[in-house]
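See the structures that follow.
The following pair of complexes shares a single chain, subunit A, combined with subunit B in the former and subunit C in the latter.
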Partner chain A sequence: MLAPAVLTTTAIVFFPVAQTVLLSLRDAVLYRPQDMPFVGLANYKRALDDEIFWISVGNSLVWVVLAVGLQFLLGFATALLLNRSFSWRAAARALVVVPWALPSVIIGLMWTWMYDFNLGVFNDTLVRVGILDKPVAWLASPDAALYAIVLALTWQGFPFFAVVILAGLQAIPAELYEAAAIDGANGWQRLRYVTIPSLAGVMATALLLRTIWVANSLDVILVMTGGGPGLATHTLPLYAFLRAYSGMEFGYGAALAVLLTLALLALVVLYVARAAREAAR
Partner chain B sequence: MIVRRSRWRQLVGTELPALLVVIFALAPYAWMVLSSVKPTADLAKVPLVYLPGTPTLAHYGDLLARTSFAANLLNSLIVALGAVALGLAVSVPAAYAFSRFRFPGRRPLLVVFLVVNMFPVVLLIIPLFVLMRILGLLDTYGALILGHGTFAIPFAVWMMTSYMNSIPPDLDEAAMIDGCSRLETIRRVVLPLAMPGVVTTGIYIFITSWNEYLFAMMLSGHEVRTVTVALQLFIGEFQIQWGLLTAGGTLVALPVTVLFLFVQRRLVSGLTAGAVKT
Partner chain C sequence: MQRRQFLVGAAGAAAALPFAGRARAQAPVTIRWWYHFDNPQHSPAELVTRFERENPGIKVQAESVPWGGGNDYATRLYAAIIAGSPPDCAMVKLNNQARLLEMKALEPLDRQVAGWFGRTDIPDNIWAINKATDGRQYYLPLQYVVLYLYYRADLFQRANVAPPKTFDEFLRAAQATTRDDVWGFGMRGGAGGHDHWASFVLGGGATFDKGGMVSEKALAANRWFVDLARVHKVFPPSAPNDGFRQIIDNFKSGRAAMTIHHIGSANEMVDALGDKVSAVPVPRAADGKGWTSFGDESNAVFAASRNKEAAFKWIAFLSAGANNVDFNKFTGQLTVTKSGASGWSLHPKRFVDATFDSLPIAAVLPDHPKTADFTRTVWPQNMQRALLGQIGADEMMRAIERHFHG
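Up next, the complex of A and B:
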């Protein structure tokens, strides 16, 4: 009964992963498939001397910390709000998850359209309100592009945290709050000493998971800027992809993909240890 | 007086911020839909015209008549249904085994299916491209369905196992005591009870496959181009026609939004277990 799942997964996941690792040890380029000399760790050495690699690593760090951090904060706040009772709460809970359902390509297009220099609603509104004197080329300016995409990704990702944390909030026993109220705790103290400690496990799992996925994701960036202007929005997975896809340098692209995986390995191990513990219960 | 003050507090402290969050969540979507029904002249006016003077479906008509978008929609549908079929076909038996049998290596194997979901796409995509080329599958439905299997199968195995675990094994035993074989038991007792889980898992695979872009772009060419790839290519092909693009975006986004609202509440358990790709 397990055979079909195990065999298919081996064929379409583990076989390719093994191939990538082997490919990363060769000098492989698409236009000469017969000649792929074994070069040992040369691709990895090349990465360490590659300025673009380090720029991508730096952008990846900014990208992950900002995008995950903002998604988390906004998601947490949303969950707290949607846990209170008000008449249209059910509708609010349903509507808030909408961004999560959308394809990355659509998210990229939608936000590119809103960020448009002449016709975008962003510049239009900010200039009308008086926050900006003149329109900004959000996605074409090296200083703003990465942050503009982070905002789009925050929009896409905050519902995930909202839904997960809301589920966690609903599982906190009401007695804890009653006890805290009897002890005279105010709203802030209840949040600090009851809510947050009770949610620590859920939050840690959600943060780990989200960090892994945001670190791996490249489609929104690919659609919105393709890594530009210049190298301003190059992240590590995007750089690996561009090397392999546009540059046709499969060997070097594979080495970059392996480096990304190794960088995330610690997080994956931490996460899996937590998830396996939960599954065992 | 007290009642009025607390009503005021409720309004400013809870409902207003909640409304702001809902607006933030919906505004980009609404802007896309709104742009798709604006006449082309309105789209190019500066300063912007927020509401269309006379809403029009012209962009939708153009999109379906002048481009290959209808065919792309069909391709996406076929690939997504294929991914659902593949994912469920291999994962339901596997989930039954994980849930009902105790065998050496069960836990580690289950964990493997979880880890697989976290591999970066860039780690898989190059060799899958090479593999599909060698097999002559590039630009076929098969290639895309297999590509999407890389996330559909591990997700489905994990979700279905947790659904099966929630069905008491006593029921299987009772059926077998009554003379059912194991296969009959699965067909007549376990599957009907697991049906909500099968449906939720299937719908979620459909959504992820429909939304997927990277595999679709790498493994397809002209023949089986999906909507996500087609939309992205429109940017290059035409001088960006935002009316067409937002119309296409709306057509792609609407079905998955409806499906997602339908399954999202049931997904939460799988979410925290980490099986749901976002």
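Up next, the complex of A and C:
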């Protein structure tokens, strides 16, 4: 009975993964298709000796922690607001999904122009209200570029948390809040002892999933800075992409991708274990 | 109109001559052709219809492929070749020729070109520049541009400086026009900006030969260029990340007094600025040498094609006389034909003149498998770090030398 599902999963998941692992063991350069010698772990050794690999790992950590953290906080706050009663709640719930629905390339282009040194709305506003003396080249500054892109991705990703957490909020029985109120709990205590524990499962699953997605994502960075200025916004998936599709070094690019996958595997195991527990209940 | 119809007719008839016997025996064939236009609203349908009317045995399936700065297009092409399903012919650029040759993907066109009537209508220097390193002709020229220096005539007049002819004059003009929120030169530090750097550093004596990036002359030229940003501050602070759209918009809005681009943006510039914009060839070094980028675009027939003769007929049709002029209406670039250039009216004359005057120093980057990665990754990464002071100008040149020569 399970055979079709197993076969399909093998074909569309395990076969490409196995192929990527095999490719990472070869000196595979796309414009030399007749000459792809087996090199064992040489691509992995090269990565560990590669300065740009380690810079990309460091940037990836900052990128994931900040982007997912900010998305979660903003999404959580938005969900709490949207769970209250107000006249245009239905419209607000629909509108909040808009950033999530936009293609990443559009978001990258839109925020690039908002950050633009000469014509961008951020610089224009901040200079007009006197917060800045002169415009800042946000995306050309190695100290600001990564954080500027994190902000753009936060805007794109917070609706995911808002929608998921809102669904979780609506599933919390009203009796729990009534009991807490009878016990004299104030707003903060209701949040701390009723809402958050009730949402723990939902939030953990959403955080795990989003961490995996953000760690893998490169499209917004690619559009906004291409990894620059210099190496300031190089993350591991972007570096793997550039080695594969700019250098045509598919062997090395595959090795970088496998290393990223191994790093994410711990999270995947956590997610699968959690999903299995949920299913067992 | 009559002249055009005559040229079209002549082109079709003459292109068909070498294959006339074959054509009679051939069953109808469909050839796949990959193209890209900057403006997706444009379509080659009219040219396809005209060709199919003149060549009833051949259908052209024109497939628009996203350009993505060149890299997306090239990657799709490589992938199609490796998968065994490339188009019969496609638009291609010289910086990919070495890779395509290494893949044994290209069909030599020497025999067909030798018998093609349009050969003499394309200038010899354009044929020469498109020849492969093995001496054979795989590319049939389609259009070209040459990078020149745009300058804001109004800002130059205000600063009382003349358009620069030498590097020293360029620096003086850039300094004179730089003030508060205006910068002398809108430099493109993002991907695609290597042409700006190359005009001054290759023009100043650097070469892609072994040791050519780390010679004294090359290092001095690069130091001078980096100093334009670090010492003289004539580039806007956003330069390390600026791309095509930023340099054009900065120039149009009066934030930059000069920038480097080609005739493809001339009409947009004139629409916005009228007589306030003009162009001259990029400046030259003190020894009179210079370098500017020849922006090529050709068509090639692929070795895997089963309809090579039909594919050549189609690409020859596109490179012939009036057809080539019509093609360039879609792309905004210049015709490769002498007959088409003689009556050129698609751009204001001063930009056509600046293009022609730049031809003596126009060249292309080396026909090397690593050139594409140089322009996409190695150059921007190291240029940006040098502009920001993260590495020195000499270190940047050593990185480029290592990329090409280990």
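Methods note: the second predicted complex is superposed on the first by the 262 of 281 C-alpha atoms of A that agree within 3 Å, B and C clash if a C-alpha of one lies under 4 Å from a C-alpha of the other, contacts with A are read in each partner's own complex, and residues count from 1 in each chain.
One rule holds in what follows: a contact is a pair of C-beta atoms (placed from the backbone, for glycine too) under 8 Å apart; a residue touches a chain by one contact, two chains touch by 3 or more.
Note that the structure is predicted; figures quoted are calculated from it, not measured.
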*Using the overlay on subunit A, decide if subunit B and subunit C clash or can fit next to each other.*
clash
*Considering only the touch criterion stated at the top, classify A:219 as touching first (subunit B), second (subunit C), both, or neither.*
first
*Check whether A:139 is in contact with subunit B, with subunit C, with both or with neither, and answer first, second, both or neither.*
second
*In the superposed arrangement, does A:245 touch subunit B (first), subunit C (second), both or neither?*
both
*asked:* Counting residues of subunit A touched by each partner, does subunit B or subunit C come out ahead?
replied: B
*Of the two partner chains, subunit B (first) and subunit C (second), which one does A:129 touch, if any: first, second, both, or neither?*
neither
_Just to be sure I read the superposition right, which of the two partners does A:266 touch: subunit B = first, subunit C = second, or both, or neither?_
neither
*Can A:117 be said to touch subunit B (first), subunit C (second), both, or neither?*
second
*asked:* Looking at A:174, would you say it contacts subunit B, subunit C, both, or neither? Reply first, second, both or neither.
replied: neither
*Once the shared chain is lined up, is A:182 touching subunit B (first), subunit C (second), both, or neither of them?*
neither
_So in the superposed three-chain picture, is A:104 touching just subunit B, just subunit C, both, or none of them (first/second/both/neither)?_
first
*If both complexes are laid over each other on chain A, which piece of subunit C (8-16, 44-52, 80-88 or 368-376) hits subunit B?*
80-88
*Shared subunit A surface residues [contacts with subunit B and with subunit C]*: 116, 118-119, 245
*asked:* Help me check something: in the complex, which residues belonging to subunit B touch subunit A?
replied: 10, 14-15, 17-19, 21-22, 24-26, 28-29, 31-32, 35, 43-44, 46-48, 86, 89-91, 93-94, 96-98, 107, 109-111, 113-116, 118-128, 130-131, 146-147, 149-150, 153-154, 157, 207, 210-214, 218, 228-229, 231-232, 235, 242, 245-246, 249, 252-253, 256-257, 259-261, 264, 268, 271-274, 277-278
*In their complex, what parts of subunit C are in touch with subunit A?*
71, 75, 78-79, 82, 99-100, 102-104, 181, 189-191, 236-242, 246, 249-250, 253, 255, 369, 372-373, 376-377, 380-382, 384-385, 387-388, 390
*In their complex, what parts of subunit A are in touch with subunit C?*
30-34, 116-119, 136-137, 139-140, 142, 145, 225-231, 242, 245-248
_Under the stated contact criterion, what part of subunit A meets subunit B in this complex?_
1-2, 4-6, 8-9, 12-13, 15-17, 19-20, 23, 74, 77-78, 81-82, 84, 86, 88-89, 92, 94-111, 113-114, 116, 118-119, 121, 124, 128, 155, 157, 159-160, 163-164, 167-168, 202, 205-206, 209-210, 212-213, 216, 218-219, 222-223, 237, 240-241, 244-245, 250, 253-254, 256-258, 260-261, 264, 268, 271-272, 275-276, 278-280
